[in-house]
Amino acid sequence: MVYLTRRERFSAAHRLFNSELTDEENEQIYGPCANPNWHGHNYILWVTIKGEVNPGTGYVVDLKQLSQIIRKKVIAKLDHKNINTEVTFMKDKFVSTENLAIGIWNELDPSIRMLNVELHSVKIMETENNTVEYLGK
Amino acid sequence: MVYLTRRERFSAAHRLFNSELTDEENEQIYGPCANPNWHGHNYILWVTIKGEVNPGTGYVVDLKQLSQIIRKKVIAKLDHKNINTEVTFMKDKFVSTENLAIGIWNELDPSIRMLNVELHSVKIMETENNTVEYLGK
Amino acid sequence: MVYLTRRERFSAAHRLFNSELTDEENEQIYGPCANPNWHGHNYILWVTIKGEVNPGTGYVVDLKQLSQIIRKKVIAKLDHKNINTEVTFMKDKFVSTENLAIGIWNELDPSIRMLNVELHSVKIMETENNTVEYLGK
Amino acid sequence: MVYLTRRERFSAAHRLFNSELTDEENEQIYGPCANPNWHGHNYILWVTIKGEVNPGTGYVVDLKQLSQIIRKKVIAKLDHKNINTEVTFMKDKFVSTENLAIGIWNELDPSIRMLNVELHSVKIMETENNTVEYLGK
Amino acid sequence: MVYLTRRERFSAAHRLFNSELTDEENEQIYGPCANPNWHGHNYILWVTIKGEVNPGTGYVVDLKQLSQIIRKKVIAKLDHKNINTEVTFMKDKFVSTENLAIGIWNELDPSIRMLNVELHSVKIMETENNTVEYLGK
Amino acid sequence: MVYLTRRERFSAAHRLFNSELTDEENEQIYGPCANPNWHGHNYILWVTIKGEVNPGTGYVVDLKQLSQIIRKKVIAKLDHKNINTEVTFMKDKFVSTENLAIGIWNELDPSIRMLNVELHSVKIMETENNTVEYLGK
C-alpha cells in the first residue's frame, strides 16, 4: 500500500458569516473573516490517495490522471471564484476551511474510486499558519 | 550601508477590471482575474530599507518599529479587505500587483523617512509564481 | 472528524547535556549540541487537534482561540528563553526535541480538552532536516 | 512513542519505461517521463522512525547516527546517479517514485531495526506537486 | 519602473564534463557531477522583466503572455530533456548553471523586447543551496 | 558577469545588549532579545559572488570551493556557538544581524578575492520575517 499526494492550488474569495445573524454579530464571532466585502486566499490543496503499486506500470495511479480529476472536479470550480456565491458544492454551508475540505472530499471521492484506489486525505492550507485535513470520516 | 527586510502578510479580495469596459471585454483582457464576484490571495509583502548601522544600538532601525509602521500604514488597510472597494490609497486605480506595490511605497515612504533611513524596495508576491517589485522610481 | 493544525514559532537557546557527566563526556555523546555556552534554534511548532465540525459555526474550534492557548501555555514560556534554565515544564529533563514535544503536549492537553476537542499531535521542527512528532502515547 | 523524521536530499537521473514496449508505446503511457535520453530531479527524502525516548539521553535515537545510515544505505547509492542503470536495489524495477520509496524502505529497514527502533515511513517528494509515502505494508 | 518576476520550473538531466578530457580527469574537476550516466535536477527559473506600468491595464506586461514566452522559448526545450544532448541552445557549451542562465537569457531576450519591456534578470536555482543569476552583461 | 549564490546554515545563541546599561535598560531597548540567559536562531546565510564564466570549466568559481571557504571562515566559527562570547570576529560588537553580516563579509572577503572573483553580497535571514543584507559598502 503506497500513499500518493498531489498538490494543486487555487485563489478564491470568501467570507465567514451566518446569514441569520447581523453583520455586527457575525463580526463578533468571525472577526475580520466576516467582512461583507469579502477577502481571499491562495489555498494549497493536497489530495492523498492510497493503493497497491500496479506491477505493469510501477504506478499506484497515473498522477496526470489524478491531477486532471482534481482540476476538473475541484480547481475549475474554485479558482478565481467567490466560494460563497459561485461554488455549487458549498451552497448553504459555512465557508470554513473545515467544510471546504469535506466538500472537496465529496467532489473527488466518486471519481477516485473509479481509478480503483482509495481517497485517503484532503488537506487544505488556508494561510501558512492554518491547515485543515479531512480523512473521510 | 545595510539593507534590512521585513516580511509581512495580508489576505485580501480583488478583481482586475476597467470600469469603462463591459464584463465581456474585461474578461478578454484579464481572464478569470476579472471575475465580478471577486477572488483573493494571500499576499506576501517584503519591505526593504537601507541605512547606516547605528553605533549605539547595532541596528539600522528597530525592526519592531519598522513592523509597526508597515502594519499601521499598510496591513491594517489591506488585510481581510476588498482592495477595490475598501482601500483608500487604491481608489480609482487598477488593482494590479504593480499598482499595489506603488501604492504601498507611497503609504510607507513618509513614515520611513522619519526613521532617518531610506525606503529601498517594496516587493509583493501574489502567488508563488508571480512577484512584483518597486524601487521608487 | 476534521484535523486542524495551527503553526506557531519560537526562538530559544538550549544545550544537550547530562549533568552527571563531564563536559568531555557530554561532548562525546551530544557533539556540538553539548556546548556549555549554549546554542539556539528557530523552532517551528505545529499543534493538531481533531473534532467534529460545529454545525453552528462551521469550525471545529476557533483557530484564534487555539492560537491564544498555544501562545499563552507554550510560546510565552519558550520564546526568547533559555529552555534549560528558564522553562519550568522542562526542569530536570534533557532538553531534546523529543522531550520538548512531550512537554508541550502536557502543557496544552488540559486547555485543549476544555474546548471539547482532542489534541492529536505536537510536531516540532528544530532544523529543516530534523523534526519530532508526539501523538500523546 | 515519539516519531523522529530526518530529511535528506539527492539529485538523480531516471526515465520511466517498460523494456518490453517500443519508445512510442512508452511515450504513450509515461509521456515525457519516458524520454530515452533521461531527465532528472532533486528528490527530497524524509525517513521517519518511531520509538520510546531513551531516559539516559533524551533521544529516541541519535539523529547523526540515523543520518549516517540513510546516507550510507541510500544517498550514496542514489545521489548524482542514474537510477535506472546504476542503482542495484532498483534493478529490474520500474523507476517510479512508488517503487523507489519501497526500495529505500527495504534498504533502510534492517539497519534501523538494529538501533532498536521501528521504521515508520519513507516519504519522497519528486517535484513540489508530487509526493509518495510508504509505510512498510 | 516596476520589476515583474515570473517563476517557472523544469526537470532535466545533465552532466558536467570537458569532452577533451578523460572520464577520470573530468571526475577530478567536476566530481560526481561528471557521472557519464547522467544525473538531474528540478530547476527553478525566475525571469524578471522591468518596465513602466501601462496606464490602460495596470500591467507592466500581461504575466500570462510572459509565461507563454518562457514556456515556449525555454521550458519546452528543457523540461524532461537531457540538457547536454537535446538542447540546441546549449550545444557545444559546458552545461553549467552559469552557461544555462546565459543561454536562457539569449533565448528570451528577443521575444521580451517585442513586449516593449526590458529583460532584467534570469535566475536559476539548481539545488536549494546553489543559485545563479545573470543580468545580461 | 554572473552572480553565484551559495546558501549555508548555522544555529547559534546570542543576546542583544549594551554592556554599559543595566538589564532593565537593555530590555527597554532590545525587548526579549536582551534576555541575559540567551536565546538563539537557525540563521540562513546566502553568500553571493560575481565574476566572469571561466571558458575552460563553465564555472564562475567551483561551488564546492566556495562552500569550503564559507564553512571554514564562517560556519565553523558560528555553528552551535554563542555569538556573544565565542566568536572572535564579533568581539566587542553588538550582536545584531546587521553587524553579523558585516563581520561575515570581512571574514570572507580576503579568501574570495583569492579566487579571482568579487564578493557581492552577504545576506542573513534570522527569522522568516527578518533579513539583513550587506553589499560591502
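The chains carry the letters A, B, C, D, E and F, assigned in the order they are written, with residues numbered from 1 in each.
In this text, a contact is a pair of C-beta atoms (placed from the backbone, for glycine too) under 8 Å apart; a residue touches a chain by one contact, two chains touch by 3 or more.
Quick caveat, the model's predicted, so the values are computed rather than measured.
Chemist: To reach subunit C from subunit B by way of touching chains, what is the minimum number of steps?
Modeler: 2
Chemist: Is it true that over half of the residue numbers where subunit A touches subunit D are used by both copies, so same, or is it different?
Modeler: different
Chemist: Please pick, from A-C, C-F or D-E, the pair whose interface repeats that of B-E, with more than half of the contact pairs identical by residue number.
Modeler: Interface equivalent to B-E, from the options A-C, C-F or D-E: A-C.
Chemist: Between subunit C and subunit D, what distance separates the C-alpha centroids? Give it in angstrom.
Modeler: Result: the chain centres lie 29 Å from each other.
Chemist: Could you give the separation in Å between the centres of subunit A and subunit E, each centre being the mean of its C-alpha atoms?
Modeler: Whole-Å distance between the two chain centres: 34.
Chemist: From the C-alpha centre of subunit C to that of subunit E, how far is it in Å?
Modeler: Distance between chain centres, rounded to whole Å: 42 Å.
Chemist: By residue number and range, which residues of subunit E touch two or more other chains?
Modeler: Only 128 qualify.
Chemist: Each pair of chains that touch: what are they?
Modeler: A-B, A-C, A-D, B-E, B-F, C-D, C-F, D-E, E-F
Chemist: Applying the document's contact rule, which stretches of subunit F touch subunit C when the two form their complex?
Modeler: Interface residues on the subunit F side: 9, 11-14, 32-33, 35, 37-42, 79-82, 85-86, 127-128.
Chemist: Quick one: which bits of subunit E touch subunit F in the complex? Just the residue numbers, please.
Modeler: Per the stated touch rule, the residues are 16, 18, 29, 31, 93-96, 98-99, 101-102, 128-135, 137.
Chemist: Mind pulling up the subunit D residues that touch subunit C in the complex?
Modeler: Touching subunit C: residues 1-8, 53, 56-60, 63-64, 67 of subunit D.
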